[in-house]
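Shared between the two complexes below is subunit A, which pairs with subunit B and subunit C, respectively.
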Partner chain A sequence: MTRVVVIGAGLAGLVASIRLADAGARVALLNKGTGGLQLGQGTVDVLGYAPERVQRPLDALAGFAQAHPGHPYGMLDAALVARSLEYLKELLGPGLLTGDPAVNLHLPTAVGSVRPTALVSPSMTAGSCVDGASFVIVGLRRIKDFYPELVAQNLNRTDLPGGGRLTARHVMIDIPARENEVDSSGLTYARALDDPGFRRRFAQGVAAVVGEGETVGLPAVLGLDDHGAWAEIAELIGAPVFEIPLPPPSVPGMRQNRALTARAKAAGVRVVPGSRVTGFRSSAGAVDSVQLATAGGDRDFKADAFLLATGGFESGALSADSYHNLHEAVFDLPLRRPEGHLVHGDYWGDPQPLFTAGVETDDTMLVRHPGGEPVYSNLYAAGGILAGATRWQEKSGEGIAVASAVRAADSILEAATTATTQGAAS
Partner chain B sequence: MKTLSADVVVVGGGSTGVGVVRDVAMRGYSAILVDRADLAQGTTGRYHGLLHSGGRYVVSDPHSATECAEENAIISRINADAVELTGGYFVATQVDDPAWGDDWAKGATDTKVPFEEVSVADVLKAEPRLNPKISRAFAVQDGSVDGWQMVWGAANSAKQYGAQILTYHRVTGITRDGDRVSQVICTDDKTGEEVRISTNFVLNCAAAWGGGIAAMAGCPDVQVVPGAGIMIAMNHRLTNSVVNRLTYPADGDILVPVHTVCIIGTTDQKADDPDRLMIDWGEVQQMMDCGELLVPGFRSARAIHAWAGARPLVKDSRVGAGDTRHMSRGMSIIDHSDRDGLKGLLTIAGGKLTTYRLMAEKVVNAMCAQLNDPRPCRTATEQVPGSESGRNYVITHRLEEREHDRYDDQILCECELMSKGMFTRALADQPKGSFDDLRRQLRLGMGPCQGGFCSMRATGVALQSEHIDIERATGLMRLFLKNRWIGIWPILYGDQVRQTALDNWIFQGTLDVEHLPGPTHEEVV
Partner chain C sequence: MNASDGLDYAATQLARASLDHCVKCTICETHCPVSAVTDKFTGPKYVGPQAERFRHGESVDHSLDYCSSCGACTLACPQGVKIAELNGQARAVMKSDHMPLRDQLISQTTLMGMAMTPVAPVANAALSIKPLRTVIEKVMGIHRDAPMPKANTQTLAGWLKKRPKPTAKATRGTLVFFHGCAGGYFEVETSKKSIEVLEHLGYEVLVPKQGCCGLAEQSNGLFDGATAKVLKLCDELRSAGRDLTIISSSGSCTGMLKHEAHLIMGVDDARLADVGTRIRDIMEFLLELYEAGELPTDFKPIELTAVYHAPCQLKSQGMGQPALEILKLIPGVQAVESEVACCGIAGTYGLKKEKYEIAQAVGKPLFDKVKRVNPEFAMCDTETCRWQIRKGSGAKVEHPVFLVHQAYGLS
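Moving on to the complex of A and B:
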């Protein structure tokens, strides 16, 4: 039975761990924080802009990869991406993820822009911005990260991606989740809405402001552990309801995070949270083990293969020091560094080169020297650590993460099979 | 077209102009101040934040040292709410000659700059992050001063005395009637309207832009050379006192704690255009090395924002001999009646923010002399509105305020503890202001996250006010993000890279701000 250490429990690390464990590998998933999922929206982007708005992301991938040499999608073709997204849909189930990865949906954001994405939490689908839609955007006075007038009025002046316009109006209501608290977080509301009693009162308050034929847009706080909360709220209101993602921490992201973590544990993954990998040992061109800083001393995790899924600059996996030397945090890997200046002053201009820096791999996700040979024979990488993408701008983060995770997991399993067969033969 | 009139028009709303308009108004003249943008966004919004004790100049410029020492005491009182009495040290690091401290101490004694030699052990106890290799230290009365607070205090005082303050009024011409100034012509950049102000006297306080203003009145060749310096704000106070190197004034030798941050600076590079100051990566590296010398480990601390300001250095070959009586080192008053035969125009430039009141006193004295109308200056004794209690700023003020209103009000900016109430009140006072204008008074977006969380909230709250429609609100957000970036990208390294990635995930990833419907008219100021 092959042993794998996965470092980082964001979307890539979780998906790879589950896939490996389901295939019989012994997997330890080491994680320092809470993972990147709650940074996201609870949506799965494949490709939103290239740079013009993308309607059919899978169809656009090949051309996009060609136009962007060195982009992760150059290694992860549309068939693999499609397969990987189906796999993720299975893992999360229809209660948490739905949609057709071939076609982008266009959903309202909390500032009222219309954002393309491929798969979404089912609590969001009613927000699809199509010609003739009629929305009432309802804000909660005590949540300071959601201004319904901003959403509604920007939506009203937007020419929709599929043509036409929608109409949106806004209402602010006040239903405290906690008495005497004027500054409540989305999470406070989400927890409160797990309670059926509060849910009923909440739905009543919202129902009072909804007009005939309107679809109701609410901040994405409709229940945390109870994945059916939003649907019940819609039923109580008697109108279709959709969630609009807020800045982090994101409740829909947390739901997915919790579900995938539970699924990983059920698959037998040994999840080791809250610890930072502090070092590693290698011999004969292979990584032997990584060390974890834990209370009571370092712990050594040996494995046959290692998957680096620690994320990008946002998680601290990649960094730039005051001399602009670039670093990878765990293995001090050689990085692909963009040529020329790393940053420029035009905020609305081209992507900042710095953020395309990262780890380079071959198409099995084995980490290699930029343009050269593998760094170790058993070290793979997936997700935000990969060089070549500006994920927030392209709206490509989850697609890259899931496809590279699936590819890395499959490569690790293949290598294990080959090793066993060879072992048996010799 | 709009017409106005006043005894005196002050051009420029930096510390100098605002000090001048207050003094003019307090002496009983009717006065209008115009600035092409908001108050205190020229050099006054791009300086180092130090209320000089005078210690820096005791050897290089003794006259300025004495002026600073005297004004330090006055400003700490009249602008109490803008000044934090941090205290300061001059320290000799391992590359500085401790013996120079004797020259310094003699200079300080001669110039009456209060000081005290202190033991290295005591300094390190008070400031444990300081370089343990320092060999000698003197304590002085340096403070830190919020230039925006100081300027608004003085402006409010001027208003109480009847002065009008017109921001976003750009001077485009000055007309003369024979050998006298007669009118100042401005454009109101928020409405596009022309505004003509009839007047007897123009006080040109446009600093680095002053040459252009003088030329508009037909007084050519007033050369003001911008001497640019960069500053970098670090995300918290590495020291609680001002720290100066004990050397002849040089680059990067001062660290100033201001509000929640501390600021390292500065440099001096001749610039061509005060509206286009560049922050060079080489200069950033130089500041980092200087920081390391004062506080070891400085490079791994987090830089959050950088900016550059232009010292207005007057190089005038045509200064009349008679002008010297108005001059003190580092500050020039040009009397255009002597120089160009034009009455009713004085140009002032140079000096320091610390001596803003004194500069105003001198130039208004010069005006009174030309008008043959001596009136006494009273600015040194009267506190500006907001400073009546005499209570100086302390860093915990906001925390104290929030502890009082936390059950009634939301916090829009957690980094700087700015409440929604503070924001809506400032917006009501300045309904045409940009978020940067409000930021300068509120510190919106100035903390570690650099607007990551508060920009969207500010936009939503602004939209709730009756003056701001969706196009403008969206435009204000776009402009704010763009302007914050001006000060972030030059120092983007270390932990701020991580913050920027997070901010990009929020604005582009989650909110897709870059694809909001385009404005029909982009906010540019």
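Moving on to the complex of A and C:
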């Protein structure tokens, strides 16, 4: 049985771990802390801006990759992306992820802009911004991260991506999730809304302010563990309802993170949170083990293959010093860096080149020297650490993460099969 | 270092430096089991890295006292902020000029065991008398319904003295066993079974005379006493042999030696560093043997489905949940992970009258899961947590080494 160490428990690390374990690999998933998936919005971006707004992301991928040499989508083609997203939909189930990756939806954000994304939590689909829609945006007075007036006013003045306008009005209501608490987090509401009793009172309070024919936009707090809570609330209100994701703690992100983590454990993945990987040993061009700095000292994790899924600058996987030397935290890997200055002074201007820096791989996701040979014969990379994308600007992060994770997992499994066959032959 | 330096240390440095790594992502908030059930604690981010910026010795937010020190926040933080440690230090400083007598007494765990053992039946009976517990609550502030250990008539030391010497030759070398106060006085069966499993594997097991690790005092902010205790314990454990691996089946006490005494109280002593890096949780040790291909897996099947709860202070050691991996090797055993950060007791937190209700609310999802999965039996690696889960669920709750012991045919 092949042994794999996956480092990092974001979307890429979780998806790869599950795929590997389901195929019979013994997987240890090492992570310093909770992965970035929880901070996400419960949606899956494939390609949102190229730089103009994208309507059909899968169709746009080939042209986008051609216009952006070295972009991860250059090696992760549309067919692989589509197949990988179908796999993610299967893992999360229709209660947590729905949609067609070929077509972008355009959903309201917490500041009332209209964001393109491909797959979404089913609790969000009614928020699709199309001509003639009529929204009432309902705020909860004790949640400080959601201003319904801002959302409604911005939506009202937006020319919609598909043409036309929608109408939105705003209402603020006060239904405390916890008495005596004036400043409740979205998570406190989500936990309270797992309780059917509170759900009924909440729905009554919302129903009182909804007009005929209106679709109700609420902050994304409609239940944490009960994935059907939002649908029941919609039924109780008697109108379509949609969730608008908030800044962290993001409840839709938490739902997905919890579901995938539980799925990984059920697949037999050994999850080891809370410690940093601080070193590694290698011999004959292969990584033999990594050292995990646990409370009682370093512990050696040996494996046949290693997957680096530690993220980018935001997680500390990549760093830049004041001389603009770039550094990868675990293996001190050679990095691809953009030509010229890494950072320019125009804050509102073009994308900062810095963020396209990262690890380069071949099309099996094996880490290689920029433009050259593999660094180790068994070290793969996936997700935010890959060079070439400005993920938040392109809205491409989840698509890259899922497709590269699936590709990396499949490459590791293929290599293991080849090794076994060769072993049997000799 | 001088024991009284601990508070100065807590007031001025160490973990404070890590607060600048906080990016306000709120991941810690989502993992906190206390703020999930009460509005009395504003959550680890607010009380930790945020409030820390306003502290100059004194705390501005006294809800800090409601942190249970379970460490779920530090474990979850992807940026490496020592949130729980920051809060433990700030609490010690906050309480230092008005330390309740109650907190000074309930942290004397060895004393309790020594006093109760000779009079075990009397002590057990006394602690089950409601009016007496009411008086204790009024006078001492220990909640009348809080779980209490059952005293044994025989200590581990007594058993070791009386039992026939193991006759099988030790083929794998020598280990030192650290039993903790509870493993010496209250949860003696866990210590016995651990020793027997290690001997079955071919080790000679030395059990030097040993005292308390000081964890309860540390979590109550009594750094002087805790520092003295932990260093004395290090001397005792080191007296058994210089390079020997030390094994413990007291999940939380192991964490005190591995990192808490150093990280929270700033104990910077070569003896502690030596013991802290030589010690292994028993399940961690068995898993290391397994990974090295050195663990016999001739386990007899046990048909059992039961909840396994890894104590918060075991998880905070950053090694995952080794017991889950070991239990997978026993045919027939289905260990269902509790998926709960903490059982609520958090050492002595759940004994205190003002925190008892919170501790019970924190533990409720775990108690419910035990009742749902197997109301008769559950597993957990730390003694105080077992008392809490036993009381909350009604199930028999034992250390996972019980199953290893049975699967090897030793019971």
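Quick notes
Heads up, the rule we're going with is that the second predicted complex is superposed on the first by the 426 of 426 C-alpha atoms of A that agree within 3 Å, B and C clash if a C-alpha of one lies under 4 Å from a C-alpha of the other, contacts with A are read in each partner's own complex, and residues count from 1 in each chain.
Convention: a residue touches a chain if its C-beta (ideal position, glycine included) is under 8 Å from a C-beta of that chain, and two chains touch if they have at least 3 such contacts.
Note that the structure is predicted; figures quoted are calculated from it, not measured.
Model built by superposing both complexes on subunit A: subunit B and subunit C fit together without a clash. By the touch criterion defined above, A:Lys302 lies against subunit C but remains apart from subunit B after alignment on the C-alpha atoms of chain A. In the superposition on chain A, A:Ser275 contacts subunit C only, with no contact to subunit B.
In the superposed model, A:Leu39 lies in contact with both subunit B and subunit C. Of the two partner chains placed by superposition, only subunit C is touched by A:Arg178; subunit B is not. Once chain A of one complex is fitted onto chain A of the other, the partner contacts of A:Pro248 extend to both subunit B and subunit C. Legend: residue contacts after superposition of the two complexes on their common chain; A:Gly316 is shown touching both subunit B and subunit C. Of the two partners subunit B and subunit C, more residues of subunit A are touched by B.
In the overlay built on the shared chain, the residue A:Phe198 is in contact with neither subunit B nor subunit C. The gap separating subunit B from subunit C at its narrowest, counted between C-alpha atoms of the superposed chains, is 6 angstrom.
On subunit A, the surface patch touched by subunit B in one complex and by subunit C in the other comprises residues 39, 180-181, 248, 315-316.
Here subunit C touches subunit A in the complex through residues 25-27, 29-31, 36, 39, 43, 74-80, 254-255, 258-259, 276-277, 279-280, 288, 291, 315-320, 324-325, 328, 337, 339, going by the rule given at the top. Interface of subunit B with subunit A (complex): residues 285, 288, 299-300, 303, 406-412, 420, 453, 456-457, 459-461, 463-464, 469-471, 473-474, 477-478, 481-482, 485-486, 489-490, 492-494, 497-498, 500-502, 504-506, 508-517.
By the touch criterion given at the top, residues 31-36, 38-39, 178, 180-181, 185, 187, 191, 248-249, 254, 262, 265, 268, 270-276, 292-297, 299, 302, 315-316 of subunit A touch subunit C in their complex.
Partner subunit B is touched in their complex by these residues of subunit A: 39-41, 48-49, 53, 109-115, 142, 144-147, 149-150, 153-154, 156-159, 180-183, 245-248, 250, 312-316, 319-324, 342-345, 347-348, 352, 354-355, 391-393, 395, 397.
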